[in-house]
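Heads up, the next two complexes both have chain A, just with different partners, chain B and then chain C.
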Partner chain A sequence: MKISTIFKNGIIKENPVLVQLIGMCSVLAITNTVENSLAMSAAVIAVLLLSNIVISSIRKLIPSKIRIPIFIVIIATFVTMVEMFMEAYAVDLYRSLGIFIPLIVVNCLILARAESFASKNGVFISAMDGLAMGLGYSIAIIALGTVREIFGSGSFLGMSLFGENFQAAAVFVSPAGAFILLGIIIGIFNVTIKNKATN
Partner chain B sequence: MSLFAIMVSTILVNNYIFARFLGICPFLGVSNKMETATGMGLAVTFVTTLASIITYIIQRNILDTLGLEYLQTIVFILVIASLVQFVELALKKISPGLYSAMGVFLPLITTNCMVLGVAILNIQEGFTLVQTATNAVGASLGFFLALILIAALREKMDIADIPEALAGFPITLIAAGLMSIAFSGFAGLV
Partner chain C sequence: MKDTIKLGLVLLLVTSIAGGILAGVNSITSPVIAERQRMESLSAILELFPDADDSVEYDEGQIAEISASYPSIREITEVISDGETIGYAITTVTGGYGGDITTLVGVKADGALAGIKVLVMSETPGLGARIVDEPAFAESFQNKGAGGSVTPSGEGAGEDEVMMLSGATVSTNAVVKGVNEALDAFANYLSN
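Here is the complex of A and B:
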């Protein structure tokens, strides 16, 4: 499989957020600011990349009957490492992401890539797949985070954009805004990029 | 916090789907028919309650006393995964009727982030065992309510005339958003 196909799959054709709709909890919950989206992207890419590398390198040793518990333990180990790393070096981000850091363990995206890709392919190609899927996830949540922060708080990465008189639409930072906006973004993605890519 | 306040809070005010975004995958995945939604709701209620109680006991008696709090994530997810397997086996043997109602949904529950989320939140909030059980039941009932409401809506939307680009998941997300606005009306109740 070519590396360009893997990246095209991860970012457009099988985008985890916009096409497969997996791992939605963190997508909706932490995209209220761009900063949180960036931090979550970094955490997910790190876990996905490391778990894909480790799982693909020991794939021939794993008995197929108990593969899922083994995958979960490997993923949980990396998630704990990321969690402790963030607590030590970025306490503010650690607090604002809160429960959604340990919940990366149950992000279906990571287990799905382990099961459907890393357990069947070589180390290098699995690492590329992890990177591609992680990028697809990141692009979607950063887009969502940007729109929500600009309309909901009138700022970008914490910098005020429109001055003090701007009346922010609080609905965009509320849970309701997250649902509605993601629905609209997926709709736009469906008619534009996805249709062009498949034709 | 009184038990009644916890119950009202988790079912209506801080509904786990609409306000805290836990358990969105099954909420979107199995909500296309009323029947499957009921089965999933039952299975989640059962597993979440059981898992919360067991993880609470493990945290307080094993992890806390041995100073192993950092193993929380790994231990909890393993407990939940094996509990789900165990419940599946036990149900098959003891109650085939119940198994056929919620059996197919059980394997899916391991990756339902609500189960792990509620278990971790119980510890973070510093609840007692009774409060933990109440919180778990309330959270699952709130999930059940959200699932049934959206399933009823989706059955109607199947026959509605929806723009092609929004058909399927996008319109479901928008409907969930509107429902979330309605639920935010409960704010201040507790």
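Here is the complex of A and C:
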């Protein structure tokens, strides 16, 4: 499989957020600011990359009957490591993401890549898949975070954009606003980028 | 049967390796985390008692005796100013919605609250996390509790009433539970 195909799949054709619609819980909850989106992106890319590498390198040793528990143990180990490092060295991010860091374990995006890709492919190509899917996830949640922060808080990365008279649309800060916006973004994504790429 | 045992052993091996790696990472990060939390609780004591110039921490034996009746209480620091005890900073840990909530409760020598500060929590952002994000919540505890306990209710305007965060009942109650245990412990052990 060509690397360019893997990236095209991860970012456009099978974008985990905009096309597969998986891992929605944390997407809706943490994309209220760009900073949170960036931090979540970094955490998800790290976990996805590492778990894909480890799972693909031991894929021939894993008995197929207990592969799911083994995948979960591996994913949970990496998530816990990320959580511990964040708590030690990036406290502010750790606080703002709160419960959603440990919940990366149950993000079906990561288990799905382990089951459908890393357990069947070589180490390098699985690493590329992890990176591509992670990037697809990141692009989507950073786009959501940008729009939500601009309209909901009138700022970008914490910097105020419009001065004090700006009337923020509070709905964009809540998960309900995230839902509405996600629908709009998926619609735009479908009629522009995705349809062109598939045809 | 043989197959089952083999699968069990493989799983045991994988989980042991994972546990070992995590223990290794934890031994690197936990001292950093503990040190930072200690610094934060010291500066938090100063926030609650700006006049403090000295403090005495209770040792584990004394804590064990008190926490036998008040299980939420983990640490007690006597706060001193000009050689007189002006109050106690009591660290409580109670179960919130998203895990344990660690709250520093400042009880003044007269039995009212100097204030509270939530030190560690992992509540839902936008809901339970308002116990930290909304300064009015912690402020509503100041100077309350002289009657021995506080009750969450509305905006917390009444006597010994504190703010009830709507949509965050579990988080509010967890903080209030810790505060009330600290007030009880003060009345029954510390004020004598």
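Going forward, the second predicted complex is superposed on the first by the 199 of 199 C-alpha atoms of A that agree within 3 Å, B and C clash if a C-alpha of one lies under 4 Å from a C-alpha of the other, contacts with A are read in each partner's own complex, and residues count from 1 in each chain.
Note that a contact is a pair of C-beta atoms (placed from the backbone, for glycine too) under 8 Å apart; a residue touches a chain by one contact, two chains touch by 3 or more.
In this text the structure is predicted, and so the values were computed from the model without any measurement.
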| item | value |
| --- | --- |
| Touched partner set for A:Thr80, first chain B, second chain C, both or neither | both |
| Which superposed partner A:Ile186 touches (first chain B, second chain C, both, neither) | first |
| First (chain B), second (chain C), both or neither touched by A:Asn107 | first |
| Contacts of A:Ala170 with chain B and chain C, given as first, second, both or neither | neither |
| Partner chain(s) touched by A:Ala178 [first = chain B, second = chain C, both, neither] | first |
| Touched partner set for A:Met1, first chain B, second chain C, both or neither | neither |
| Greater chain A contact set [chain C / chain B] | B |
| First, second, both or neither for A:Pro69, with chain B first and chain C second | both |
| Overlapping contact positions on chain A, where the chain C interface meets the chain B interface | 29, 69, 73, 76-77, 80, 84, 99, 174 |
| In the complex, chain A residues that touch chain C | 29-30, 32, 62-63, 65-66, 69-70, 73-74, 76-77, 80-81, 84-85, 87-89, 91, 95-100, 173-174 |
| Chain C residues touching chain A - in the complex, by the definition given at the top | 6-7, 10-11, 14-15, 18, 21-22, 25-26, 28-30, 32-33, 36, 98-99, 121-126, 129, 132 |
| Residues of chain B touching chain A in the complex | 18-25, 28, 70-74, 77-78, 81-82, 110-113, 116-117, 120-121, 124, 163-166, 169-174, 176-178, 180-181, 184 |
| Chain A residues within the chain B interface of the complex | 21-26, 28-29, 68-69, 72-73, 76-77, 79-80, 83-84, 99, 102-103, 105-108, 111, 171, 174-184, 186-188, 190-191 |
